[in-house]
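Reviewing the structure listed below.
Chain lettering (A, B, C and D) follows the sequence in which the chains are written, and residue indices restart at 1 in each chain.
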Amino acid sequence: MNSAILLISCPDQKGITAQVSSFISKNNGNIEHADQHIDNQTNTFFMRIEWSLRNFSIPKESITKEFSALAKKFNMHYSLSFSESIPRVAVFASRSLHCLHDLLLRHAEGQLRCKIVLVISNHSDAKKIVNDFGAKFFEFPVTRKTKSQVEAKTADLLIREKVDLLILARYAQILTKKFLDKFPNRIINIHHSFLPAFIGENPYGQAYRRGVKIIGATSHYVTEELDAGPIIEQDTVRINHRDTIADLKIKGQDLEKIVLSRAVRWHLERKILIYNNKTVVFD
Amino acid sequence: MNSAILLISCPDQKGITAQVSSFISKNNGNIEHADQHIDNQTNTFFMRIEWSLRNFSIPKESITKEFSALAKKFNMHYSLSFSESIPRVAVFASRSLHCLHDLLLRHAEGQLRCKIVLVISNHSDAKKIVNDFGAKFFEFPVTRKTKSQVEAKTADLLIREKVDLLILARYAQILTKKFLDKFPNRIINIHHSFLPAFIGENPYGQAYRRGVKIIGATSHYVTEELDAGPIIEQDTVRINHRDTIADLKIKGQDLEKIVLSRAVRWHLERKILIYNNKTVVFD
Amino acid sequence: MNSAILLISCPDQKGITAQVSSFISKNNGNIEHADQHIDNQTNTFFMRIEWSLRNFSIPKESITKEFSALAKKFNMHYSLSFSESIPRVAVFASRSLHCLHDLLLRHAEGQLRCKIVLVISNHSDAKKIVNDFGAKFFEFPVTRKTKSQVEAKTADLLIREKVDLLILARYAQILTKKFLDKFPNRIINIHHSFLPAFIGENPYGQAYRRGVKIIGATSHYVTEELDAGPIIEQDTVRINHRDTIADLKIKGQDLEKIVLSRAVRWHLERKILIYNNKTVVFD
Amino acid sequence: MNSAILLISCPDQKGITAQVSSFISKNNGNIEHADQHIDNQTNTFFMRIEWSLRNFSIPKESITKEFSALAKKFNMHYSLSFSESIPRVAVFASRSLHCLHDLLLRHAEGQLRCKIVLVISNHSDAKKIVNDFGAKFFEFPVTRKTKSQVEAKTADLLIREKVDLLILARYAQILTKKFLDKFPNRIINIHHSFLPAFIGENPYGQAYRRGVKIIGATSHYVTEELDAGPIIEQDTVRINHRDTIADLKIKGQDLEKIVLSRAVRWHLERKILIYNNKTVVFD
């Protein structure tokens, strides 16, 4: 059954929950999930509400229009989406392919409700497995000289393919502001450290040299500042003095796969609200 | 500021969220927290809603009466409480005193919003520290012969002292059904294993002999069947072959303290709903 | 470089470490790893010692003979192996293929030092991916009637293929004592619960009904008693009341993959000693 | 029974394990624990070896002398200690007293094999509880002006009291190089973040603002550079968007207590070797 999902943020005041839920129930919608959160420091109200469209008296095309009065009254930022619409996804990879493999397998097993339309890589290694799993593969090598040209070509392709979400699955290139601005809040990256520790290159080497006893992985939305975007999910695993950098990589890769796939799943299920360079995850 | 807290469970149907939140906002209450959950297997609706009583147009004494029509309409089980009312707590202990110590310290540090009225033990060891922390101490030794008599005396004391919550902080006696029936859903126990593994006596010895690689602790409401009541919280910690039973105890005690204190805090903050021998924890 | 690995267990007494390490260094071997453990309850000594064979004065064929006097003196159980010998592995699967997929991918990425010779399944689903990854696939359907016949055929195949290790990657058939006895301490299973909780069928359903707040996975050597063999590794993940049984499966599958692959890796690296239905893992 | 403990580090070469263990067994010592580690990047050998002095043919006063030839041959750094000697400890605290409380309680419960000789604070809050637990309490207020004077007085006191280990249990003052140099590798601090993230003041506030999904605590030896000394232990706990800074503090304090107490216990049991601003923990 198709359901509608509203993600709302606005200044907190009396009556928001009551009026939003009344809007739905008066129009004969059955609320299936509702979760809200109030950030007391900024006095901001957040809500995720999902209701069944079976018997809902407003046609889905008109919901935005009908809801607009309420949205205006409370000065809301909001987004409306429908569970039946399947997001179109592009995955970016380089030579470390474990996250790409993991996403392809989870998708094949039905864990990720999306269509993996295409995979882009600056290397050719992943071509065969991507094709085996039924997605298109594009090898776009990048050099300092060709970078802006390649980014332009990439953006065109993504727009032509109506891609909704970009996943950087250990993609080793840094994207420019110009490119990022075309896909705001729609690019998820996995960084192989417990951010904000060990930003940038070779975080496992950095962790090894610092002598930490735990390593981590972080998925976040990509913003212009490197590894500084809104964090969606993190996880950690214990290491000890016996672990070499190679061992850290093996332990860390398990984290990367899990942390990235959770972030992607939450995004696909419209469970994430971004504000203040942070996320509210209604899981 | 005083706030009101409603915990609701009822068969799911359209309009519950809308009508409950409208009841509050029409009477000029500002919703501070709201969380709901629908169990699809049993089609049951659960809600926790908390709102400020500043400017609320219904006096707190009349809220139950005013809410009763709605409660009846949706066939609700519900409980209403107020943040300003401070629960009165009794702690039961025996010879392992780490959980008792931990609760006394957390209370002194302001983590637990309650009054620890009294501590009951079948041994005298805890007397000094309990008195130091300002609670009354009762030594009630228990033998097979005196058990029912001691339980009767204990129940009288608890009722006389208007105790709202009983915490079994590694209390080594099993309470009878007769006693338990006087305090339904109001007795929290800590069991030093990951239930349902290692029920009953000496769980660390059981874990050691089975050769598990992780141990746990479980806090639960006490019901007649041993270690089988609704689970509130659990946590685990990794062990290895070098750990002796004594090491398991040290590692496990850290878990016990954390797991018990979380359960107690959630109970005191009215965040727990019990159904079907399980809990919904709105944390 | 090739190295030799000794796994030793014997009654503890003075001088074992000294004499074993002297045996190696007198013959010009360089110890690369050494770890020992004494179980004080049973007064048992355990050791794993690995040394480089570069310049070692005893040819590898003669090490057992030369070591036998020492082994006899201390009444040792021991096994000698060489890092250059690559274990031959068979994987058993049924319809839940995430663990099989995971093992194939890890192997392809170089994490598992073995040869995956063949995959046996009672269903045909995995055929394509197994062949893609370069292993032989055998579909051996099992019914109550054909079970002993199929097991005999399977055992023959495994012996003919010189298989060293059997991995039950969510294989849904129970193997008989007759079969198990042919591969003692050489069959690793993954059970999708935190053993000893939720033995047997549908552990996620059992966990859901009991209302636990954490679920787990356990890898263990297979013995005749169901899910009761020596535990190699376990891990856990937090769940909450919002998680359906389907959610438990997704969260649990991530654990299963990690826990099974760790156990397999430790076995392949000869890091596991079994005694008393428990394991010492020299990780 | 008294036992001797050797902690050794030296350039790796053939025969170290053999000769050290032979030294012990030839003199009729029974090895109770032995663990070693080789850092391949720096080709450094590390060992912790513990043996019973019952029947050991060298009197404990002469062990160093007898061992010196071996130590010289392999160019060892080493330290020798005896399990019967009870380290003398000083705890430093300020206004956050949970770690101090925790250490006092663990000590009273027998978890920490040391004598807590005295507690020093720049505030008076802890006086009563410290005295209740049988330690001396010194209130040494610190201002910018008096700092060097107070440090000198403190150092004198610690030396007069023959203190072996200093524990900074959320002590809010930064110690000068001059003071630190008097107690090298003998000062353990707890920092309330997952280092190297959130160095310095108010790490919970920093974590809140960055929007991390996990927080941590770190115990480390204190060196001149702030929060940059060798890490002994770390642990982490999950948080979410509902957690306020006050919630982070409560969750974090549980970590701080556990992480600090583990580090202290390992230090007291002579399980820690420091090298390269990192630690090897033979746990």
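Following the convention adopted for this analysis, a contact is a pair of C-beta atoms (placed from the backbone, for glycine too) under 8 Å apart; a residue touches a chain by one contact, two chains touch by 3 or more.
Small disclaimer: the values here were computed from a predicted structure and weren't measured.
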With centres defined by CA atoms only, which chain is the most remote from chain B?
C
Look at the interfaces A-D and A-B and say which one is made up of more C-beta pairs in contact.
A-D
Roughly how far is chain A from chain B, centre to centre by C-alpha average, rounded to an integer in Å?
37
In whole angstrom, the CA-centroid distance of chain A from chain D equals 42
Going through chain D residue by residue, note those that touch at least 2 other chains and give them in order.
242
Show which residues of chain A lie in contact with chain C when the two form their complex.
97-98, 101, 105, 109, 111, 132, 242, 250, 254, 258, 283
Spell out the part of chain B that touches chain C in their complex, as residue ranges.
37, 39-41, 194-198, 210-214, 216, 230-236, 240-242, 244, 276-281
In the complex with chain D, residue positions of chain C that touch it:
13-19, 21-22, 24-26, 28-36, 38, 238
